[in-house]
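You will see subunit A twice below: alongside subunit B first, and alongside subunit C after that.
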Partner chain A sequence: MKAQYFFLCLEAAIRKIPQNLIMCFSTLAICLALGMVIALIRTYRIPVLAPLLDILMAVTKAFPANLILLICIMAYTYTFNDIVTFLHLNITIRDVNLIYIAIVGLIIVSLPGISEVLRGGLLAIPKGQFEAGYSVGMTAFQTFRDIILPQMFRVIIPVLTNSILTLMKSTALVNVMGVSDILRGSIEAATDAYCYLEAYVAAALVFWVLGFMIEKIGRMLEARFNKGIRQIS
Partner chain B sequence: MLEIKNIHKNFGSLEVLKGASIRVEAHQVVVILGPSGSGKTTLLRCINFLEHADKGELTVGDTKIDFETVKRREIREVRKKVGFVFQNYNLFANKTAIQNVMHGLIVVKKLPKAEARKKAEEALAWVKLSDKLDYYPSQLSGGQQQRVGIARAIAMEPDIILFDEPTSALDPELIGETLELMKNVAKRGITMLVVTHELSFAQDIADKVIFMDGGVVVEEGTPDELFNHTKEERTKRFLARILSTKTIKTKV
Partner chain C sequence: MFSWSYVIDYFPKIIIKFPMTLKLVLIPFAISFMFGFAIALLRLKKIKAIDWLLKLYVSYVRCTPVITQMFIVYFGMPILMQNFGIDAYDWEPAIFVYIAYSINISAFLSETIRSSILAVPIGQMEAGYSVGMSGFQTMRDIVVPQALKISLPMLGNMFISLFRATALAYMVNVIDMIGKARALAASGGHLLEGYVCCAAVFAIISLGLEVIFHLINKKLSFGHSYGKQRKVRA
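Here is the complex of A and B:
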């Protein structure tokens, strides 16, 4: 290991941090929204949709993450021209930033886990909390938004922190799609000097710091949400 | 004020309510008695649609509803007119005492925040909890939680408040103060429909006592009629059983 090469790679890796953060947190936001809808449909057994989603989630869960990403990018390149023609758009495949495809892939990778975490949270809230809302005349939506959702988040934060960590690590897989990220940035910096060990260690260091920060923020939120409220054990 | 006609409710193959009918006039306190499993809780829950009855008619104030064809809008209308005090309190766990009382005022009654807060403070002062406004339910005793529950119901100014065994989850020494508070609710002229096993409460406060068994009303009348001039054999047996397990002070 040469320090000089290491710092070269580290700098390249750090430059790409925003790329991974964007991928991680936009995927997270979409997964939380979609995952909540899926969790509600599955918990309240909405006809047709619930069994369909059961199967879809079970199947998706079984695929390795990098395989899903590969299928996404392949499906995208194979169908790009058809889609463009269908939508009457005047763009070529080079005009589209591949990060969007990466995010779609990461959503497919993370959605089953995150929706399962949300379902667990929903099931942990006693039925009486809904009934209390209804009894003062609140609608189902108002009760969900003001009473259930905040309590759910308190319950799931520890597990969700873990999901976010896993998601952050998955963002390093997008280089199989040719999308740039921390790992790829670091490797690219290494090609000239052929200093791959330095590159990998630099990327590892950056992911460790990011993971550490996610964990810290999770702990902080946990403490905040728990303020004054009984722990569900 | 409140009238239920011929209500039916099944849980799967279990027939819980088999055509009970109940009438509560404005400003009355009506107590429902009955053995465990007779459908008292189910009856109350059907009134504000926490449970959906299969058949029957419900009238609350000037809203008349057929259980079979009830619409979402009608359910909300009824829930705004009917308050509910739960056996296990069911306070919003993520909200403080004052927020528990305020929230419905803001979200349902659309009061400005300052006004809602003032009303909530008044309601909590009335249940003697002014010193606990910012406590979360988990930091309050059972009796205090139930008082917040009562304040929350009262603050919404419903036409009628339903109480489902409000004291049965409480420690014996807290039952007295909660019953006392309920007597004060009655004195305010609030219409009440109360399920309880506290015969002394029924005797002192009720305008009418209803005895339910097996999903129907077996007997009803004034406390004096029901307790001292009992007509039905089933009622007599039930009262004898309760009196043998509880020592109550009889004023009559």
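Here is the complex of A and C:
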């Protein structure tokens, strides 16, 4: 370990933080929206769709994350020309930023987990809350938006923090697709001096700080939203 | 272009390497089960300095990606070993993966085991003492069996996620299923087909494991209220 190389890699890694944050949080936003729909379908057992999604989620969860990303990028490069000719677009494969493909891959990777978290939140809300909403004349959508969703959010914060942490860690895998991120930036800075140990330690340190912050923010939110809630312990 | 004939052609060649994947799961899991237990018991003793150190270790493992942990061991271990006069540069790459995953899973297992030991009612410990058992005997014969039963669903999940995480081992030149797929592609092209084979194997095995663990849990939690509660919340 040489301090000089370490700081070189650390600087390169820190420069790439926005890239990872963009990937992490855009994936999270899309996953929350899609996951909510999936959770609602699965909780209220909508015929045909619910069992189909049960199977789909279970199967998706069974694949290793980096294989999903690898298959995504390869399927994309194989089918790119067909898609372009089909849509009559005049672009080549170099014009498309690979980060979009990475986000698609990450959505596939983390959607089962996040929809499961949301489903757990939905199930944790007592049935009486729905009935209370209906009894004062609210529609099903109003009840969901104004009564269920806020309570659900409070329940899922600890588990969701965990999912965000996992998602953050899986953004480190996008370098198998050739997308630049913290890890790749750090390694690229190391190729000249062949100081790979320093590069990986620097990347790990950056991820550690980010993960630590996510955990801290999660705890803070949890404490804030649980104020005034009486619990057994 | 993608062709199914290559998938069928590659499948037997890739499945041969399945024992390697199995080794990558079983050896670290066995090692980290012991270490995880030791760490959990150590943390329950609540010695300040050790507790703080172990917390730091768990935080490191939780917050950094497995891929960086693996490479840090891969590049760092030989340098560390050199200080003790051991030449680790020509060790088999799989050994580094065993070490890295053991470090990783130990941390998660220790948290799981600790929370399950804490979930056993304190009366059980006192019951052991009241019939004259020592602290160690009570732990071994009364508390730990109950704690293991509580932690089984989480252990199952962890085992399955470790199985999926072994898909990273090819990056340090371990010839597992994916490594084999890449080797085949290097001579004949068609990398995607090889990956599809690997993905299919991973999916089938982890779905199978999930069903097995589910059945075990159902059997063990028969008549217990905590099994039902967990089901509603998860």
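FYI, the second predicted complex is superposed on the first by the 229 of 233 C-alpha atoms of A that agree within 3 Å, B and C clash if a C-alpha of one lies under 4 Å from a C-alpha of the other, contacts with A are read in each partner's own complex, and residues count from 1 in each chain.
In this section, a contact is a pair of C-beta atoms (placed from the backbone, for glycine too) under 8 Å apart; a residue touches a chain by one contact, two chains touch by 3 or more.
Predicted model, so just to flag it, every value in this text is computed and none were measured.
Enquirer: In the superposed model on subunit A, is it clash or fit for subunit B and subunit C?
Expert: fit
Enquirer: Quick one: classify A:L183 as touching subunit B (first), subunit C (second), both or neither.
Expert: In the superposition, A:L183 contacts subunit C only.
Enquirer: First (subunit B), second (subunit C), both or neither: which does A:A172 touch?
Expert: A:A172 contacts subunit C only, not subunit B.
Enquirer: Could you tell me if A:F212 is touching subunit B, subunit C, both of them or neither one (first, second, both, neither)?
Expert: second
Enquirer: In the three-chain superposition, say which chain, subunit B or subunit C, touches more residues of subunit A.
Expert: If we count touched residues of subunit A for both partners, the winner is C.
Enquirer: Let me test your reading of the model: by the given contact rule, A:A203 touches which partner, first (subunit B), second (subunit C), both or neither?
Expert: second
Enquirer: Minimum Cα separation, subunit B versus subunit C, post-superposition (Å)?
Expert: Minimum over all C-alpha pairs of subunit B and subunit C: 18 Å.
Enquirer: Please name which positions on subunit A make contact with subunit B in the complex.
Expert: Per the touch definition, subunit A meets subunit B at residues 128-129, 131-139, 142, 146-147, 150-151, 154, 228-230.
Enquirer: Under the touch definition given earlier, write down the residues of subunit C that touch subunit A in their complex.
Expert: Residues 1-2, 59-60, 62-69, 71-72, 75-76, 79, 164-168, 178, 191-192, 195-196, 198-199, 202-204, 206-207, 210, 232-234.
Enquirer: Please name which positions on subunit B make contact with subunit A in the complex.
Expert: 48-50, 76, 79-80, 82-84, 86, 88, 90-96, 103-104, 107-108, 135-139, 152-153, 156
Enquirer: Which residues, counting only subunit A, touch subunit C once they are in their complex?
Expert: For this pair, the touching residues of subunit A are 1, 58-59, 61-68, 70-71, 74-75, 78, 116, 120, 123-124, 165, 169-170, 172-173, 183, 196-197, 200-201, 203-204, 207-208, 210-212, 215.
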